[in-house]
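Next up: some structures, all given as C-alpha cells.
Shared chain: subunit A. Partners: subunit B in the first complex, subunit C in the second.
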Partner chain A sequence: MSGLAASERSVRPSSGLSRFAAMFGKELLELVRSLKLIWVPIVFIALGIMQPVTSYYMPVILEKAGNLPDGSVIEIPLPTGAQVMAETLAQFGSLGALVIVLVFMGTVSSERNSGAVSMILVKPVSPASYLVSKWGAMLLLSSLSLLAGYGAAWYYTGFLIEAVAFKAVLSSFLLYELWLLVLLTLTLLLSTALRSAAGAAFAALGAGAVLSLLSNLFPKYAGWLPGALPGFARQAVMGSLEWSSRFGACLVATVMLLAALVLLANILLRRAAAID
Partner chain B sequence: MRPLLEVEGLVKSFGTTKAVKGLDFTVMEGRCAALLGPNGAGKTTTIRMLTGLLKATKGTVRINGCSGSSHRDMRELLGYVPQSPSFYGWMTGKEYVAYAGKLCGLTARQADIRASELLSRVGLEEAGKRRIQGYSGGMKQRLGLAQSLVHQPKLLVMDEPVSALDPIGRREVLELLQELKSETTVLFSTHVLHDAEELCDDIIIMASGQIALQGSLQEVRNNNRLPVISIRLEEGEASREWALTLKRDAESFAQKTVERENESTAAALPHMTSSHLPLQRMPLLRHVREVEVEGYLVRLIVDDIAEARRSLLEELLRENVGVSKLEVGFSSLEDLFMKVVSG
Partner chain C sequence: MNMAEELGQLKELLPIIAPIMVLQLILMVIALVLCIKSSQTRGPKWVWILVIIFANLIGPIAFMVFGRRNE
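Let's turn to the complex of A and B:
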C-alpha cells in the first residue's frame, strides 16, 4: 500500500476543465439521487398538457359543471394553437417558475451553512467553477423540464386543436428558457448572499416580478430589461415577433445580467467561503 | 529540517473586534504541532486563515514558500479537516473520497484506487459503500481525514479533530493521527491539553487572539517546571484561617518585593523591617512565589525546595497546624496552561 502523505508526491498535470467536469458530475448525480431530474419535468409536463386539454374540453366542462339552464347553447370559439401555446407559457411563468426556483433555492446556502462547501473550496478548485457547475445544473434541469413540458403542450395542441409551426415553438422555447435562467441565476446569487434558502427564493421571485413589471409598465424606457423576455417569447409563438432594436437590446442586457450575477456571486463566495 | 508553514503578523478583525491579534509562528517540516487554547481564543479563525477559507485582515501565510498570492499552489499542498466535517449525505463514503481526488486533479481511475486505499487505511472499507448520512461522528471524522489525504498533502491541518467525539471515536482518531504524523507534517487545534501532550512535538498556546507561549513540548515543559509543595490540611476553622493568612502574607510580600525593586535598594531596606508581616514567617515567605488555596488543599509554588520545605515545616509546627498529607513535586503542563490561559 502506498503511503498516505507527502512521501511520494508526483507532479500531476492539473486541468481546470477536468475538475469542473467532476463538480458538474456531482451536481448531476445529486439531481438524479434526489429524483429532481424526474419529478420537475413531470410537473412541467402536467402543466404543459393541462392548457391544450382544458381549452379543448372547455365547452364540455362548462356544460357538465356549469349549472346552466336547460337548452342554453354554449358557443365558445376554439382558440388557435398559437394562443394555447402562449397560455402554456404563462402557466410556466407562474407555477413552473415557482417550482424551479424552489428546487434550487438552497443550492449554495445549504452547503455553506452545513460547512460542506469549505471542504470543497480548500481543494485546488476555483469558486467560479463551483458556481458555474451549479449554474450548469440549473441550465440542464430547467431546459429539460421546459423542453418536456412545452413539447407535451405542442404535441397535445397539435393533436387536439391545430399544429403550430416548429420554428415558432423553438424560438419561443429558447426565449422562455432564457427568462427561466434569469430567475435561476438570481436564485444562485441570492443563495450565495443569504443564509436562508426561503429568503433567497422569495427575493429571486420578487426580483423577477419587479423586472417583468418594469418592462411591462414602461415599455418605452424599460422594454429592454430581461423582464420583457416572456413577452417576446409570447410574440415568437404567435408569429408576431420582429427583429427590433429593443429585442436586440433585451438579449444583450440579459446576457450581461447573467454574467454580472455569476460574477457577483463569485466575489461573495471568494470573500468568505464559509459562514461562521 | 526546514520551515513548511510560516505565519507572519496574522491579524483578523470582524468589525471592531479583533479575533486574532497578530500571530507569528513556524511549523517545521515533519513536525506535529498543536494550536492549544481555550474556546474563543481564535484557534478556528486562525486555521481558517491558514487554509485560505478566510481572508486575513493583515499578515502572510506561506506554505513551502508559496504565499497567498499563489493561492492555488498553496492549496495543492494542504489537507484540511474542519471541526465537524460535513459531507453530501446522499453520497457514499467512497464516492466522496473519489470526488475529492478528482477535485485535486486525479483521473477518475486514480481517484477510485486512491479512495479504496484511504478508506481501508482509516477503517471504513465496509462503510465506504454506504451513504454518508448514516455515519456516526467518529466515522465522519475518519472520512474527513481520508478525503483530506487524497492528494498526499505536505501539511495536514485539522480543527479540533477529537473534541466532538465519544471516547471510542476519540481513541480511533488519535491512533490514526499517531501513525500519520510520521508521514506528514500535522497542525491541529485543540482545547484539550492532554491530546496535545500525547501527539505533539511542538505546542503553540493561544489566549484571546495572541500567542501566549510556544516552543517544543519538551522545551516548554522544562522551562516552566516550578517546584511545588502541596499540603492537605486537617479540616477545621484553625487550618482554614492559617491557610488564608499565609496566602495574604505571601501576596503582600510579593507586592513589597516589587515595590522594593522599583525604589533604590538602600532606601528600601528600612522599609522592609517596618513591614507588618510577622517576622517569624519571613524565612518561608522569602522562598514562596505563590500560594493557592483550594478548600483544605494548599499549593505553594517555591523557588528553593529544600529551604522552603524546612521553613514550611517549622511554620506548621509553630502554628500547630494539622497536616494530613505533604507532597513535594513539580508543576505540570496543565498548571502552566491554566496560568497562561487565565491571564
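Let's turn to the complex of A and C:
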C-alpha cells in the first residue's frame, strides 16, 4: 500500500518550468564549482582596469621604455574619457570575447562525448529546455563579467581621466552584451553541431569575425548585420549614436539571429540524441 | 633623474597599480589550487605550474581553459 503511494508520487508529472529550473540550477552549480563565476569576471576587471591606466601613463611608459634620443619631447594629448571607454570595449572584443567563447566551447559537445546528453534527454527534459538552460548560463556569466569589467573601467576612467555619462556607458554596455551573446549563441550552436570543442570555438570566432568584417566593409548593404553592434556600442559611449533605420534593423536582425541559432541547435540536438 | 624622484613616482603609482596586481594574484592562486588539486592535467603538471606563475594573466587563463580535463 505504501509502495503504491510512493510510486504514485514518483510519477507525478512535473511542470515544464520546474524541469527547466532544475536544468538551470545544474548549469549554475557547474559555473560555481568550476570557479568560472569568479575567474572570468576577474579577467574582465583586469582588462578593464588596464586600459585607462595605460592610456593615462602612456607618456611615462614611452619615456621609460622607448629608445628615444635624449631631449626628444613627446606630446601625447590625454584621450577623452569616452575614447578610453571605447578602447576598453575593443579590449573586451578581442581578449574578452576569446576567453568567454573558449570557456563555453565544450558546453554541449563535451556532454555529448561523455554520454551525459543522452542520459539527460531520456528523462522528460526537452532538448529546448536543455539548450535554453545552457544559454541562460552564458547570458549570466557574460553579462556579469562585462558589467564587472566595464564598471571597473568606468570607475578608473572617472578617477584618472574624466567622468563619462552614465547613460552613455549603460547603453554601450547593453549593445556590447548583445554582441557577446551573438558570439556565445554561435558557440552554442556549433558546440551542438561539432564534436570538437576547439573546432566549435574557432568556427564561432571566425563567424563573428566574418560578421563584423562584412558590416564594416559594406556598411551600405550589410550595416544591419549583428556585426555592426560593436560599432554602435562605440558610438553610444562616444555619445554620437542616433536612432536610425540601420540601427533598428540591426537590433531586429540580432534578435532574430539569436532565436534562429537556438532553434537550429534544437533541431540538431533532437537528431543527435537519436544518434548518440 | 635621481633616486628620490624615482621613489616618489613609484609611491604615486602604487595605489593605481595595486588592484591589478591583487587581481592577478587571485587568478594565480585559483589556478594553482585547481592545478595542484586536479588528478590529471593536459600535459605535465609542473609545466603548468611554471606557466601559471610566470605568465602573468595569460598563464592562469590558459590553464583554466586548456589545461583541465573534464572529469
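Just a few scattered comments:
Note that the second predicted complex is superposed on the first by the 261 of 276 C-alpha atoms of A that agree within 3 Å, B and C clash if a C-alpha of one lies under 4 Å from a C-alpha of the other, contacts with A are read in each partner's own complex, and residues count from 1 in each chain.
Keep in mind that, in the parts below, a contact is a pair of C-beta atoms (placed from the backbone, for glycine too) under 8 Å apart; a residue touches a chain by one contact, two chains touch by 3 or more.
All values derive from a computational prediction rather than experimental measurement.
When the two structures are aligned on the shared chain, A:Arg271 is found in touch with subunit B, with no touch to subunit C. In the superposition on chain A, A:Ile120 makes contact with subunit B only, not with subunit C. Contact with neither subunit B nor subunit C is seen for A:Lys220 once the two complexes are overlaid on the shared chain.
Looking at the superposed arrangement, the partner reaching more residues of subunit A, out of subunit B and subunit C, is B. By the touch criterion defined above, A:Arg19 lies against subunit B but remains apart from subunit C after alignment on the C-alpha atoms of chain A. Taken together, the two complexes place residues 114 of subunit A in contact with subunit B and also with subunit C. Contact residues on subunit B toward subunit A in their complex (touch as defined above): 48, 51-55, 72-73, 75-76, 78, 80, 82, 84-88, 90-91, 99-100, 102-107, 117-118, 120-121, 144, 147, 149, 151-154, 156, 180, 183-185. Taken together, the subunit A residues at the contact with subunit C in this complex read 35, 38-39, 42-43, 45-46, 49-50, 53, 57, 60, 99, 102-103, 106, 110, 114, 160. Chain contact summary for the complex, subunit A toward subunit B: residues 1-9, 12-15, 18-19, 22-23, 26, 29-30, 33-34, 114-116, 118-126, 271-274.
Those residues of subunit C whose C-beta lies close enough to touch subunit A in the complex are 9, 13, 16-17, 19-20, 23-24, 26-27, 30-31, 34, 57, 60-61, 64-66, 70.
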